[in-house]
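Below: a set of structures, written as structure tokens.
Okay, so subunit A shows up in both of these, paired with subunit B first and subunit C after.
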Partner chain A sequence: MAELNANNRKNTLPLVKEKKGNKVLKFFNSQKVVPYIFVFPFIVSFAILTLYPTIQAIIMSFQRILPGQVEFIGFQNYERIFNQAFYKALTNSTVYMLLTVLILVTIPIILAMLLDSKLVRFKTFFRSALFIPALTSIVVAGVIFRLVFAESENAIANQIIGFFGFEPVSWQFNAWSGMLIMVIMASWRWMGVNVLYFLAGLQNIPKELYESAEMDGANLFQKFRHVTLPFLKPIIIFVTTISIIGGFRVFEESYVIWEGNSPGNIGLTLVGLLYQQGIQQNDMGFGAAIGVVLLLLIFVVSIIYLLMTGAFKRGDE
Partner chain B sequence: MNRKSLSIFSVLLLSLVFVLTACGGGGGNSAEPASSDDTKVAGSDLENATELTFWTFAGTHADFYVNAAERWNEQNQDKPIKLKVENYPFDQMHNNLLMALQSGSGAPDLVDIELAKFPNFLKGDIQLESLNDLIEPELDSFIAERLDIYSKDGNYYGAPTHLGASVVYYNTDIMEQAGVDIDSIVTWDDYVEAGKKVVEATGKPMTTIATNWYGIWPFVAQRGSDFFDENGEVTLDNEKNIETLQFIDDLVNKHKIAEIAPGGQYHSEEFYGAMNQGSQASLVIPMYYMKDFTTYMPDLKGKIQIRPMPKWSDSDYQSVTMGGTGTAVTNQSEHVDLAKEFLYFAKLSKEGNIQLWKELGFDPPRWDVWEDPQMREDNEYYQYFHDDIFDILLAIRENVAGIRLSEYTPDVLTEIDTNIMHSVLREQNLTPEEALKQSADTVRQKAGSKE
Partner chain C sequence: MKKNNTLTKWIFNILFIVVAFIALFPLLSLIISSFRPSSELMRNGITFSINWNELSLSNYTHIFTQSPDYWAWYGNSLIISSLTIVLSLFFSSMVGYAMAVYDFKGKNLLFLCVLVIIMIPFEVLMLPLYQLMIDVNLINTYIGVMLPLIVAPTAVFFFRQYALGLPTELMDAARIDGCTEYGIYFKIMAPLMLPSFSAMAILQGLNSWNNFLWPLLVIRSNDLFTLPIGLATLLTPYGNNYDTLIAGAVMTILPIIVLFIFFQRYFVAGLASGSVKG
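Our next item is the complex of A and B:
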């Protein structure tokens, strides 16, 4: 019997193996599986570097954390959050978000259309010139912005406004000018990236549509309103969404300009508050609670925005 | 229509990723394992040398410790060390240390901790080694106020880098032009009168006020007051502090003899530039600022005289020990005893204190070296300023005020930075009393809610 079995095995084994190989290959080649294999590395890094810390942060937000002394304190961290500094930070972050969304959606569309038109020369030069700030170190940019907007009559910004007859301004010490510096810095940094998104969108618009619109007698504005804009809508929604998120999570711009604390908290942002309370003042549980509130805030605002723009509606309804 | 919902899904997913990254963003790169591209090593060629790591945030300190390690290796050939000094940006180093001590791994053997950050490391179970066995036998040789800053419950955790005695640096060019003899300025009232003459004669301010703690703490402490009492209760808004802030406010907004420091602080490019051009007659700041003078203000060489602070009518103090870095040994060190021995050698011993002056221009926290002949040897600081720097210090040795730190000192300093000085001096929309009360309440609220 044993011999027979062995024989059988000898005969059938290679066959099975081949079949198995096929099956494995088939399994990995099947349309249902392949996408998961491709996203697997991302999922892993997402889980380790993002999901785990997030869960940990939520747990920490209910704790008081000191070296060797970690204890659960219920909602005490959350009870302390809603104070003056938090509302100041919330206001600053919201104003910053609205301004950057406004600037970083409208101006890049115009720039992208210019770069896409036949009238402009040296397009590649302008394209890279616009993109370079995104690659610049934010710390270096901060040093330069600080010098440009320094509190001195000789600073570049004061010389420019002096040329138009204005008095020198203490840029880093007024609420309006502090916000202005942050918004200018963000606009300078992210303009090129958004231009690229819109350029890609513009290049997907079929040229025939413009031709037929022209034949119907549409002028420049009508072509923009009825052809360009509808085709750019998904891109606009995307860029606006990431600008909302980026606006709420602003930190670097404020940090490099004021190197920590700003006078009168004019540059305090939500993430800045998280950093100040959690790290600088060693109150990590409280910092984590601010982070969780920020997460909820961004989530709610983004969802509302996406609902309003109809991004959830199915196209065939 | 599948494609559309897919694209929306990806937008959502991306949003989620951004949102989540935002929350991780606070700590940012600070949680990454330690690595520094600015590392200096001493004793790497020695066999069986014990390796010690040292974190600092000041390049000048790094050189100082490397030199100290080389002297150590010459004198202690039976127990050589290989000292690896890693230099990080200020915030990053303190953040890294906080994470390392919190998580229980990754901390260095020795570390420089700045004064304003020090209270953060005295919370919870303290992760630093007590230095009492090094300090107590020679306590009398130190200005004790300086050591107390880095202590908690009778334990000393930090080795001071300097005394940091606050003094007034006078620009003699301007004072002569105004016809004021600086030695006639004994009280703060004299200072105000002198300031009026200076403004009248030269059009330049007597001084400038920083809108961070440099602009208030030295004055408050010199009056014998502070932001906390001995029980750790908030006294930020007590009578003396309100009067003191009123005095500072008057300098700027009533007598008009002081202006707000360019850039709002004494360590900015704007300030160095203006000061170097002789834009103000005097500056109240700790002694360690000598290094800043020689480095950033070469044009003032030979024109600066150092004097004690003018007196208040209700206090004898003529100086305050301010600012400064405490060096600590962490409990994660595998060679605690050796690290402590080296620390004593480098910063606490007589020899170490003399080196602090020679190499860094710092006023040593040990007063028993101030008269040492080695201290009187000519160097760039004597050339820049004048010869009797330590005679001045010796004369006021008994009258140096200390400062009191609390777990909530970082909160008070943040309030001073962001609210108090800004709204009182610059915006003038709060009186000193209102501003101090408001901030004191904020800190009390935080302290109260955590008990």
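Our next item is the complex of A and C:
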């Protein structure tokens, strides 16, 4: 590699000097042109892989798309959306979002604060242990959790509730327990990553602030309320926002538990509905309309959340 | 007072041992279960009680001798992940670098585009992209699977942040020596950005290795399945493929965990950038 580089240098140096008059070479090496060559792949990929599909998704949502024949049908796809399956999917995705936001923001804050304190030893080991589930692919997580929550009374989940005196549950066939598996799976996988975010935030807090708070006689809760929380706020907002977006995008957790078809749609999510209608039923126009609704939903909820935290901040200070 | 303090220390340390156990238990139980007879596993699921006499390597001998499909998936995943790492690092680093060190018209607009891509959920673009892949005949090809990951906005963002800290004086010195702008990048600046390459290689590799939804749409034939898609086909309540499934699941994550143990720092840096701070 080093040899190759050295050879290249030997070749290019005289080349540039000898052919100073070479306008083409000079053009491609001018500092005005070079950055555009560097970013060219990005511009192309943005145009093809983001801009075009975004516009196309909106156009498709107003079309009926059959093989070899495409027809504009106005708002018919949108009118069709608001049926029972959609409300089911909307409810499931929203409940999942709320539960994962709640769990994946509060518990990581507590764990990160303990890991940041002097109270816990072997910090690196604990941090790594929490982080490892994030490396697991969703399908492997699905294999594990399906077997942990298996129907048999000998499986772990039923053993645990049996210990408390409950009857075995068919976890995959009840709405509440199906949601529980999905939420536990997501919490297990993403806990460690969120702990990392909060740890990074906590390490930015100057230790002197705690000391001066102590001198002012602040107790543990007051220190948390007036020193830790204000510093963590941007990270809390960030983690909450990505959890809201991630929550509404839920699909894979459901897919690996029920292979796309849950009994009575107990595991149907918005993206699941999009997949079912757009890909499996090949009704791309309808699927695209669901996608547009999902996009709007995510935008509106995120913006409301961000406005709320922003307004809260102004009132607080 | 002091006694009180040691007591809280004990409580919290025990709490963390429990937390670490909960985090690692699912993977440990998967590994132990992979030595149990698959029929018994299908009947009972993962259990607390282990019958030590039953444990054997039979699931592994099965997968090594009777499951050529699994190894085809493994190969596909390896090829797709390696190519994605090489291509996406090459392109994304150049973009991020140019956005950090050069001044040019449209730079801010471009940065806005990066943020837009990060914000739009992929699921919304999925159907038009799928249609596009059909139109250009990239369905059921490696390129079709890799395309959406090649210029990755998170990687561009990460490289840009990293390149902002590069010493630009070096560039002027190299220019005086007659080095071309490309030479400056490949011979001087890119080597300086090496830690960011490691972090992004891990992020992109992991994303590609675990990618599910897009390959699920694009790949149609069994011999082109990636590991997650192939394993998902075995995930049925009636399946008699639990031997391949359980041993295969273990062998899908084992290399990643081994890599994690050796390159922890880069994993943490890579995944922490996985969702970029706006």
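Quick note on the criterion: the second predicted complex is superposed on the first by the 262 of 317 C-alpha atoms of A that agree within 3 Å, B and C clash if a C-alpha of one lies under 4 Å from a C-alpha of the other, contacts with A are read in each partner's own complex, and residues count from 1 in each chain.
One rule holds for everything that comes next: a residue touches a chain if its C-beta (ideal position, glycine included) is under 8 Å from a C-beta of that chain, and two chains touch if they have at least 3 such contacts.
The structure displayed is predicted, hence computed values, not measured ones.
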{"item": "Which superposed partner A:Gln159 touches (first subunit B, second subunit C, both, neither)", "value": "second"}
{"item": "Of subunit B and subunit C, the chain that contacts the larger number of subunit A residues", "value": "C"}
{"item": "First, second, both or neither for A:Phe251, with subunit B first and subunit C second", "value": "both"}
{"item": "First (subunit B), second (subunit C), both or neither touched by A:Ile304", "value": "neither"}
{"item": "Contacts of A:Leu229 with subunit B and subunit C, given as first, second, both or neither", "value": "neither"}
{"item": "First, second, both or neither for A:Val24, with subunit B first and subunit C second", "value": "neither"}
{"item": "Which of subunit B and subunit C A:Val39 touches, first, second, both or neither", "value": "second"}
{"item": "Which of subunit B and subunit C A:Val292 touches, first, second, both or neither", "value": "both"}
{"item": "Subunit B versus subunit C as contact partner of A:Gln84, first or second or both or neither", "value": "first"}
{"item": "Contacts of A:Met284 with subunit B and subunit C, given as first, second, both or neither", "value": "both"}
{"item": "Set of subunit A residues, in rising order, touched by both subunit B and subunit C", "value": "46, 49-50, 53-54, 57, 147, 150-152, 238, 241-242, 245, 248-249, 251, 271, 274-275, 278-279, 284, 287, 291-292, 294-295, 298"}
{"item": "Subunit A-touching residues of subunit B, taken from the complex the two chains share", "value": "1, 4-5, 7-8, 11-12, 14-15, 17-27, 30, 91, 95, 98, 101-102, 120, 123-127, 211, 262-264, 269-270, 273-274, 410-411, 414, 417-419, 421-423, 426-427, 442, 445-446, 449-450"}
{"item": "Touching residues on subunit A, where the partner in the complex is subunit C", "value": "5, 8-9, 12-13, 16-17, 29, 31-32, 34-36, 38-39, 41-43, 45-46, 48-50, 52-54, 56-57, 60, 111, 114-115, 117, 119-122, 125-126, 128-152, 154-156, 159, 188, 191-193, 196-197, 200, 238, 241-242, 245, 248-249, 251-252, 255-256, 259, 271, 274-275, 278-279, 284, 287-288, 291-292, 294-295, 298"}
{"item": "Parts of subunit A lying in touch with subunit B, wherever the complex brings them together", "value": "46, 49-51, 53-54, 57, 64-69, 76, 79-80, 83-85, 147, 150-152, 172-173, 234, 237-238, 241-242, 245-246, 248-249, 251, 260-265, 268, 271, 274-276, 278-282, 284, 287, 291-292, 294-295, 298-299, 302, 306, 311-312, 314-316"}
{"item": "Touch list for subunit C against partner subunit A, complex", "value": "8-9, 12-13, 15-16, 19-20, 22-24, 26-27, 29-30, 33, 41, 43-49, 91-92, 94-95, 97-99, 102, 104, 107, 110, 113-114, 116-117, 120-121, 123-132, 147-148, 150-151, 156, 177-183, 185-187, 206, 209-210, 212-213, 217, 227-228, 231-232, 235-236, 245-246, 249, 252-253, 256-257, 260, 264, 267-268, 271-272, 274-275, 277-278"}
